[in-house]
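Structures incoming, each one as structure tokens.
Paired with chain B in one complex and with chain C in the other, chain A is shared by the two complexes that follow.
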Partner chain A sequence: MGNRNNLYSLWNSGGIMANTYVHISSTTVTSGTTVSLTSIPQTYTDLLLLVSARSDYTGGGAVSMAMSFNSNASSYTSKSIQYYGPSSVVSNNDTTATYNGITGAQARAMATGVSPVTTVSTFGSSSIYIPNYTSSNYKSYSVDTVTEANSAASNSPHGILFAAGLWSNTAAITSIDFGIEVGDFVSPSTFYLYGIKNS
Partner chain B sequence: MAAGATYTPLETNTLSSAASSVTFSSISQSYTDLIIVISGNTASGGEVGSNIQVGNGSVDTGVNYSMTELYGDGTSAASYRDTNKDYLNILIATSGTSTTNTILQFMNYSNTTTYKTVLSRSNAPSVSLRTAVGLWRSTSAINVVKIGPFTGSWATGTTFTLYGIAAA
Partner chain C sequence: MPTKLIVDCSTGVTTEVELTAEEIAQREADAAAYAAQKAEQDAAEAAKAVAKASAEAKFAALGLTTEEIAALIK
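Up next is the complex of A and B:
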């Protein structure tokens, strides 16, 4: 107890900087088509979500996910820059999508799968940054996604995606749900949530 | 031994009134990288870029900046570059209720050997997005950063947060 009291005193005197990049939760998916991150603390400034995911879909092409906030099914818009497969770089207006009962922003190519044309054990990687998620403003967020499959096949899910997303809702974000477009999540698809404080 | 905190909030500025620019000065030299997170809007008008300048002691107003970017507006994607400018145009912002956000990362900002690189991911979901790299051709350490929209002002309530990241 004595050591704890000493650390508490140091903390309050500025002797130890607050830890501002805090792990909130880890969700590892072994199967299924949806993921829910619930009871998100309201004590941070920004949220960072790191996703590593793969679908067992075998039909070719990359696999998207729908991402919803607070189980709300409306008011999602986004724009993206994407390089995918053999095409050139394009920009899209991404619309609301419903996958496996989850209606939300269409997060393109966030999961890859597509065996047998894709290298096994290859997962897509995404970083989703949500500033001021507790504010009463509309919530804009940033998505960076990469997938690489060591395959020259035209339907191989290799690509890079940058997206600017907006949820036109003033509610604080308390939960995030994902529904995969096709197939099931492959184990271990992971969703790591972090909170970042500005003080 | 527990690792020390390596992602440290240094300063937050929430605008109480519209401002043509926001400046972080006397930035600590104790970190490896800097991150600035901007969330908010411009006070009026449509899509605008940025006027960002950095320096040591005061911002460098010389033509020592360059940038390269990918840009998309939902219809078409393009690349763009600029050389020998007196500012960095590496973010996108707009007015209205569609909040915009930008994350800037200044790499090795405190070293005195290399020119300084900054990475930008900037999102104005109602109009466009961009991902960019900027270069300041100076070996001076950065201890001041000034961030303005290319024209007009930042809106009241826009937040600017500066973080320091230590390599060890």
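Up next is the complex of A and C:
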């Protein structure tokens, strides 16, 4: 092995990238109704959550979640645009929702329900980006979500959604809770949390 | 028994906790609310589809072609 100091000039010229995108936790949910990610490290600049989820609800339709920061139940607003079914496009102005005891931002259509129009073993896929989660400013976040169904039925839950949200609170985010709208999580619903540094 | 999952991101330890009676009651209320909202949404979409078909039939009776109706509706 060579001397690590020999890499100094290469590092400072950008030849070796710093480790800016770090995996924090992986959670696989086999059942249950809520997931709480606690004790989030405060050492990153931004957070990225990748969620793959499915509900066992049999009534059909894409299932939403409530997402709260620090178990706080107020001061959430979001705007979203959603395209689902054969041609339905809707815009939403959301505040808070309470699902399975979690009161927080309404994160629409983040899990796919089970129904005759929903393909077996398809899951809703979402990415949630939270910049500057430790700052003393209000916290913004963005969500993009797709739900699958492989069906053109009018009540098919497949679709896409983009949302921009704000939590009007100056506290650093140390925990994130999710409550599913209806039904239980189906295995293997997953929650992957990453920390991103700007240096 | 319904459960909730708590993940400690600093240690990686995951704990599965059974819901309390109060949480179960909330869960049942949420399910009922969701079913009502879904039924309302389905009824609205069905009514919209019926109105659309009716409008198309009326346009056709006026002599519009299928292409002309599609151009108007979309």
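The definition used in the following text is that the second predicted complex is superposed on the first by the 180 of 199 C-alpha atoms of A that agree within 3 Å, B and C clash if a C-alpha of one lies under 4 Å from a C-alpha of the other, contacts with A are read in each partner's own complex, and residues count from 1 in each chain.
Heads up, the rule we're going with is that contacts are C-beta pairs under 8 Å (C-beta built on N, C-alpha and C of every residue); 3 or more make two chains touch, one makes a residue touch a chain.
From a predicted model like this one, the values you see are computed outputs, not experimental measurements.
Visitor: According to the stated criteria, A:Ser168 is in contact with first (chain B), second (chain C), both, or neither; which is it?
Guide: Only chain B; A:Ser168 stays clear of chain C.
Visitor: Under the stated touch criterion, which partner chain does A:Val29 make contact with: chain B (first), chain C (second), both, or neither?
Guide: Second partner only.
Visitor: Touching A:Ser199 in the superposition: chain B (first), chain C (second), both, neither?
Guide: Only chain B is touched by A:Ser199; chain C is not.
Visitor: May I ask you to decide whether A:Glu181 touches chain B, chain C, both, or neither, giving the answer as first, second, both or neither?
Guide: A:Glu181 contacts chain C only, not chain B.
Visitor: Mind working out whether A:Leu50 is in touch with chain B, chain C, both or neither, as first, second, both or neither?
Guide: neither
Visitor: Which holds for A:Asn92: it touches chain B only (first), chain C only (second), both, or neither?
Guide: In the superposition, A:Asn92 touches chain B alone.
Visitor: In the complex formed with chain A, which residues of chain C make contact?
Guide: 2-12, 14, 16, 19, 22-23, 26-27, 30-31, 34-35, 38, 41-42, 45-46, 49
Visitor: Looking at the complex, which residues from chain A come into contact with chain C?
Guide: Touching chain C from chain A are residues 24-25, 27, 29, 31-41, 57, 59-61, 63, 85, 88, 98-101, 154-155, 181-184, 191, 193.
Visitor: Touching chain A in the complex: which residues of chain B?
Guide: So the residues of chain B touching chain A come out as 4-9, 12, 37, 39, 70-77, 79, 97-101, 103, 121, 123-129, 131, 157, 159, 161, 163.
Visitor: Help me check something: in the complex, which residues belonging to chain A touch chain B?
Guide: For chain A paired with chain B, touching residues are 16-21, 45-46, 77-82, 89-93, 129, 131-132, 135, 137-142, 144, 162-166, 168, 196-199.
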